[in-house]
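These are the structures, in structure tokens.
In the two complexes below, chain A is the common chain; its partner is chain B in one and chain C in the other.
Moving on to the complex of A and B:
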């Protein structure tokens, strides 16, 4: 119980630290709103002149775009982006010396950020729905709703380990605080996760390959579940792939961490 | 004479930037690769969504590709020349900006051009090549008009960066301001005609994002009226003069903190 309390403290510290620099926080949210509005109006314009894109009608696609903001806040906002900096600049020392696990500490900080991001997204979306009244598809089937939440949370864990793995490359490649590798990862992940367009719009052979990659489970797959576009067997199959990636990445991260620590020189401290 | 001096300063800082990038060659390759992949993925998405036969607000895929390429051209020119302003906040906060002020050259010029991001050059080359390929056989008058509006757009991009550093001197908020500008400019990856009237008005007459990115592309395709051309040139000069005045005013408020 005591061990859990320290991680809870870290999560609440992450939450509080967001509100210390209020202008920063405000601008963070303002930028998020601009991005959401940009995506929404683009797709709205696309459907004003086209009835159907692949097999998505306007309501389906706009629901996809709006809910991807939720998944961005839940899955893709992550403190794991700071891991490479911790390793490259020696900030890891302070965690190694404290009686807590590094991964658990980063995950606790993650939770604080995600909670703030989701809360403010909820407020912004409420205003958005009241003002613009978008054509949103409300899923009423409890199986799809529960499955959506389940795969979203599993996706969050898979992203955590994958992003952690990217951060751990700084043990061997600390140039620019590990940022070049992360930049490349973010660029590729944005597309492969379905953050730009739904992956099933792509040519069938390409989609056939991409659907098994972990990135597809961060945005695309949960939204397919929410929209009720998958059969029971497909949802269960996706869950199996997610669980596989979670198991596999957890093992790889642990191995890389153990090997990396032997390489760690605490440079900069 | 003055021009020669500033050209020498710019060449020197650019040479230093090249040396810095060459010191970390692996990182430079990854950045270039990331930029090229991001551009390709976006263009691919546009092609997949709109294809050759669909249209967006009456614009064909060919025309939308022109808007997207012109957006990237001006966006990259801004980053190529003015990347240095991302370091400006730390200069002000630490008081190192004092050292810039005592040098015998315009502090604004030094702040804006302290780092030329040569890593944008490969993508810039790709964009210019695609633009030429897309617009072979362009009438001469359209080409001249396009180049004029690119210059006007670049003047506005410069003005936005001057505004950001001017406000940065007083508030130390540079990164966020440029961040907001970049987010707003992303709205202009497509013609602003696709947005509702209020947003279109905001992007054309309040924040001149449409003038920077949309009008040059329209000039390229012969979709521009002369009053809009004159308006664009007038706004560009007005913004530039106002931003210079604001910079001079903000400089008098510099408190030289921490030094």
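Moving on to the complex of A and C:
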């Protein structure tokens, strides 16, 4: 119990530090709001001329867009982007010197950020719903709702390990604090996660491949579950793929970490 | 059993060698050349519990690499290290709870928050009981005069204030082994003295084992009875501070005050004339010839005052380093 308190303390420090710089905070939220509104109004305009795109009607597509903001805050907000900087600039030293796990520390920081992100998303969405009254699809089937939450949380862990793994490449490619690799990852991941468009409106063979990649489980798959577009077998199949990735990435991250630490020069600060 | 022991410690770095110029940079995109730098090439020493040892050497000698190996940050390529009976590289929590590495250029304090937040975080990380924490923190706040600054955002503190808070953050768990890397870097003389006094007190009160690197020779001179000198990754001296001069210096300095002007050329016969500015002169003389030179000076010159001194330790160390550097 005692050992959990350190991680709780870290999470609350992460939370605290978000509110220190007002400008930074407002820009962060402004960016989030523009993102929600941008996607929403884009699809609203598209559906003015079409009844249906692929097999999404307007309500489904708009629900997809709005809920993807929730998944963004839950799954994709993460401090793992700083891991490569920690490695390249030696900030990692401070964690290694202390009786605490580095992964657990980063995850605790993540939780602080995610909690703040979700709280403000909730406030913004409340205003948004009151003002614009969007045609939102409320799922009432408890199987889909529970499965949605379950796969979202699993997706959060899978993203954590995948993004961590990308960060760990800085042990070998420390240039620019790991940003070249990170940037490529983020661009690719944003598309592959279904954050831009639902993946199943892509050509069938492309979608057939993408659905097995971990990225598809960050936004696309949980939303398919929420929207009730999957059969029981499909939900369980997806769950199996998720669990496989979680297991696989955990092992790879461990191996890469052990190997990387031997290569680590604790340079810089 | 010694608190710290290193046997034949070795550690290399692989460094990317970039070719010069534009073409070279394109070439290095496809084909890289690496150079292996031996940062530490077989160093052995043992330090007993409660010792305060100075660890010196020129830039790039391998001091920080040794400290990083001892504190578990770096994996040694070869050799054996034991700190408090642990292999540092395994980074066991019981080990980490008993050591601290303070690096003068690096900050563990949360930049945007007051130092107190970092202290409280460390309390949780090291699982320090409330009572111990309050006692140690009070003692540290008083000793390091932190009362006014613990609640000020770190980014608004001066370098010296940050260094003091950094030290406090590293000592909250009362480590039994302390590695200090340049603890007085960038500080003014008053602050340097305060930090030094503090280190001495910590060493005595807690019977802590301390290994200290510094480019500031007065840190080492005032704090450490024993000194380890390394250069190019190799140990070149390990012993009492005073012995450095005996071991590496074969001359003494004679300071003279004359009552009348003399012909400085005549002094050359006795030794090397460093400075002549009537009425003062400074002469360096080989150790074995000091007696004769002094006698001859008193006999043949209008000497009013004569003083025989060891060369200052800063000069000695600089000489050791430059000689070693020019050996290559």
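Couple of notes before you dig in:
The working rule: the second predicted complex is superposed on the first by the 269 of 269 C-alpha atoms of A that agree within 3 Å, B and C clash if a C-alpha of one lies under 4 Å from a C-alpha of the other, contacts with A are read in each partner's own complex, and residues count from 1 in each chain.
Everything below uses one rule, namely that a residue touches a chain if its C-beta (ideal position, glycine included) is under 8 Å from a C-beta of that chain, and two chains touch if they have at least 3 such contacts.
Every value quoted in this text rests on a predicted model; they were computed, and no experiment measured them.
Overlay on chain A: chain B and chain C fit together in the combined arrangement. Touched residues of chain A were counted for both chain B and chain C, and B has more of them.
Applying the stated contact rule after C-alpha superposition, one finds that A:205 touches neither chain B nor chain C. Look at A:20: by the touch rule set out above, it reaches chain C but stays clear of chain B. Shared-chain residue A:184: touches chain B; no touch with chain C. By the touch criterion defined above, A:6 reaches chain C but does not reach chain B. In the superposition on chain A, contact is made by A:264 with chain C only, not with chain B.
Between chain B and chain C, the shortest distance over C-alpha atoms in the superposed arrangement works out to 6 Å. Contacts of chain A with chain B, set against its contacts with chain C after fitting on chain A, share not one residue. The residues of chain A lying in touch with chain C in their complex are 2-3, 5-6, 8-10, 13, 16-17, 20-21, 90, 93-94, 96-100, 261-262, 264-266, 269. Interface of chain B with chain A (complex): residues 24, 26-27, 30-31, 33-34, 37-38, 41-42, 45, 48-50, 54-58, 173, 176, 179-180, 183-184, 186-187, 190, 194-196, 199. Interface residues of chain A, counted against chain B in their complex, comprise 23-24, 27, 30-31, 34-35, 37-38, 41-42, 45-46, 48-50, 53, 173, 175-176, 179-181, 183-184, 187-188, 190-191, 196-197, 201-202. Across the complex, chain A is touched by residues 13, 68, 71-75, 91, 93-94, 96-97, 99-101, 103, 105-108, 110, 112-113, 117, 120-122, 124-127 of chain C.
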